[in-house]
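Note that the chains take the letters A, B and C in the order they are written out, and that residue 1 is the start of every chain.
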Amino acid sequence: MLHALRCYLLLVGAQARAQMQYRFNFFAQVFSMIATYMGQFIALSWLTDRFGSISGWKLEEVILFYALAILAWGFAVSLFFHLVSFEDQIREGLFDRALVRPLNPFVQLLAGQSPIAGTGQLVFSIAAFLWATGRAGVVWTPLKLLYLLGVAVGSALILGAALVTVSALGFFTRRTYTFYWSLVFPARQLVHYPLNIYSQVVQWLLTVGLPFAFINYYPAHVLLDRAADLPWPLLAYLTPLVGVVAFAAAYGLWCLGLRSYVGAGS
Amino acid sequence: MEDVMITVENLRKEFKILRRRPGFLGTLRSLLSPEYEVRTAVDGISFTIRRGELVGYIGPNGAGKSTTIKILTGIMVPTSGRVVVDGLVPYERRVENARRIGVVFGQRTQLWWDLPTIDSFELLRHIYRIPAGVYKQNLELFTDLLGLGEFLNTPVRQLSLGQRMRADLAAALLHNPRLVYLDEPTIGLDVVAKERIRRFIKEINRERGVTIILTTHDMQDIEKLCERMILIDHGRVVYDGPVEEVKRRFGQHRILVVDLEGAPEEVSVEGAEVIRRENGRVWLRFNRDEISAAQLIHRVGQRYNIVDLTLEEPEIEGIIARIYEEGV
Amino acid sequence: MRVFAALVRQGMKVMLAYQWENYMGLVGNFAFLLLFSALWSALLRGDPEAQARMLSYVFIGQLLQNWTFTPTWELAGRFRMGDVALELAKPLSLPVRVLGDFLGRNIVRVLRALPAFAAVGFLMGIRLPDWPQFGFFLLSAGLAWVINASLYVGITLISLWTTYFDQAHQILDFLEGVFSGFYVPLWYMPPALAAIATYTPFPGMFFTPAAIFSGGLQGAEALSALAVQALWAGGSLLILYGIWLGGVRKMTVMGG
């Protein structure tokens, strides 16, 4: 376990050094983020302008949902986004290299990305989040900061679990990009809006099935001191736990995928 | 049994290939009730390899070579059969097996593409938990034997193919594996680079007693390195024995090259087959079990005026090519 | 024209091979449909007429996504691999070949999507527009394809002369996202911005056909929107052609 962690850090460090060999345009990346998120943000502001609120949520509050989702995504991209291109590794036979080394191939796969690649996204995410909490009038206390840390870790794990699942499906179908763009990407968009616009079934699905509601909707209630409005206030404190459970489940599926890949049990 | 490194008994590997149905409903039906075709890649292979052997494992593309190697390295689980490598079943104890073996895939590097060569070695040191003393000693030895010094600090992507292959070989041996799989280690290299790689392979086999399984399409590799070769085709072993024996067993055909005076229009000799012509020079293939060289020369001499002649011994290259084409 | 038809058939064949991607794409479509229908139902609670119109709008919008899908990243990938010189050597110009290929793929995508959309549309109670209106819709959808394909292929060809192609692509994505009506139709934009947007090519990429289908643009309004769209379809083709010619000149002078 310790050996795996040590190797993970060394391999990630190596990826970072490799990345630095290339011209890395931080500003181009931040620009991309602004272009990507600004469109949706403007659309949100038009809607709240016109209709006053979305299902009882003011613009500032909707922005907070949005910013929390972007923040979580910033961490997830830095750590896990390369899993989306796992099908290339399988197709080109590169993954076999991991299997002939005495280190858990999952650790080797996770360590396949430089964390620098997502810096632009991460810095933009943090800036957007700080701005949004300011506008939403979030009152910061040390306890809330600690809570936010737990939420950030939990959310990154929830999104990480989704990306690990995408790579696990790659073992079975030899496809990964399509699962990201057709499942994970739209599901991320779903939680950019307040969850209570959806029917009970969908809310339940986003809580239990694909638990993206724990990334922003429930935690935002705590930041806004409105946890009591939730049907079950405990939901707002479950993000880290849900993150760990989801990631473990995704890892389980990944191991099943690996078994199928090496031709066992088929 | 002490000196046995690899035991393979009745190894079979079948692949199920999903039969696709066209159209939306077809895809839906394929998901609900999949229909498979079975393709047999390895069809009952058996062999044993002793410690310290250097064995050529060869066969045409699609013969089942790489499937066998994948099973031996633990990347793939066979459909049936028994495989024991150094006392372990590789696909059941993959990680433990990985610690004891070294692998070089000639076509794909094991090294970190964008980093200096030495960085890859350092990373492998940690992954394989190589003791500092062993690492230092091996690195010095390989640097010396393979001449790595000139490019240890060059990023792998900037290395020539020959340099990269040398670095890959060193990387696969840093942790003192008892068994090494080399898959096409000389592919795409020039003659000089090939020689260097071959000398090194021979050296580590002799001096360190490392067992080596070599797959290659270059018959020179086999002739210069291996005493024994296992030839497979259509998932079965078609030959397993000394390299020299192949020539005797499959090399009944020899070729007589004669220069004929006046370049006759048509050349035909009973008991031999004209396989090539260039003006007056004619290549005649004959089976030495049916006719001796002296008899054939006599026959040719009766019909034509021979200016010059040479007798070509069968090259292993040609023999293997014939086995690939015609089967045993 | 016969050559173009052959290109289209080729594109259809390519798309037929992408089964997984195609059906997974439908899952994505319905997730977005779920999102937007929930959002507009919540926003327009108490105005059943506007609600029905927006449901129809977001429904047809997702089907149109299949029609105007342009996988320009494949093209960009080919350029990055350095195959551009090869592209120049071919007798038929690159934009024509790419447009033919995309059209073929889009036809297959839409045909494959139709049964599922018909079922979902039936469940949602979506009504097809009556005859001249439906004809306007088909015409508008055709023009939307021309604008989308030309602008996106054009933006991809910018990579022939500048390394800022990714940024150019994102600016187009951004403008399309905001002004095409994908998130918010022109009806609910701030009026001043909507008035400006009307004369840009962006509503023609999405809003015009969707609004005609849902009955939000009718009669003279629909005809004038179609006219603007037709002008921009011609304009987009000219822009594409201009970028291509510029790229070719740069390639042949600078030697790539």
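Just so we're on the same page, contacts are C-beta pairs under 8 Å (C-beta built on N, C-alpha and C of every residue); 3 or more make two chains touch, one makes a residue touch a chain.
Since the structure is predicted, the reported quantities are computational estimates derived from the model, not experimental observations.
Asks: If you tally C-beta pairs in contact for every chain pair, which pair wins? Let me know.
Replies: A-C
Asks: Of the chains shown, whose Cα mean is nearest the mean of all protein Cα atoms?
Replies: Smallest offset from the overall C-alpha mean is found for A.
Asks: Distance between chain A and chain B based on Cα centroids, please, to the nearest Å.
Replies: Their C-alpha centroids are separated by 46 Å.
Asks: Go ahead and note the Å separation of the Cα centroids belonging to chain B and chain C.
Replies: 53
Asks: I'd like the Å distance between the centres of chain A and chain C, where a centre is the mean of that chain's Cα atoms.
Replies: 29
Asks: Going by the contact rule at the top, pick out the chain A residues touching chain B in the complex.
Replies: 3, 6-7, 10-11, 14, 17-19, 21-22, 92-94, 96-97, 99-104, 262-264, 266
Asks: For a test of understanding, state which residues of chain B touch chain A in their complex under the given definition.
Replies: Per the stated touch rule, the residues are 13, 15-16, 70, 73-79, 91, 94-96, 98-99, 101, 103, 105, 108, 110, 112-115, 119, 123, 126-129, 155.
Asks: Which residues, counting only chain C, touch chain A once they are in their complex?
Replies: Those in contact with chain A are residues 20-21, 24-28, 31-32, 34-35, 38-39, 41-43, 164, 166-167, 170-171, 173-174, 177-178, 183-184, 188-190.
Asks: Residues of chain A touching chain C in their complex?
Replies: Where chain A meets chain C, its residues are 28, 31-32, 35-36, 38-40, 42-43, 46-47, 49-51, 54-55, 173, 175, 178-179, 181-183, 185-187, 189-190, 193, 197-199, 202.
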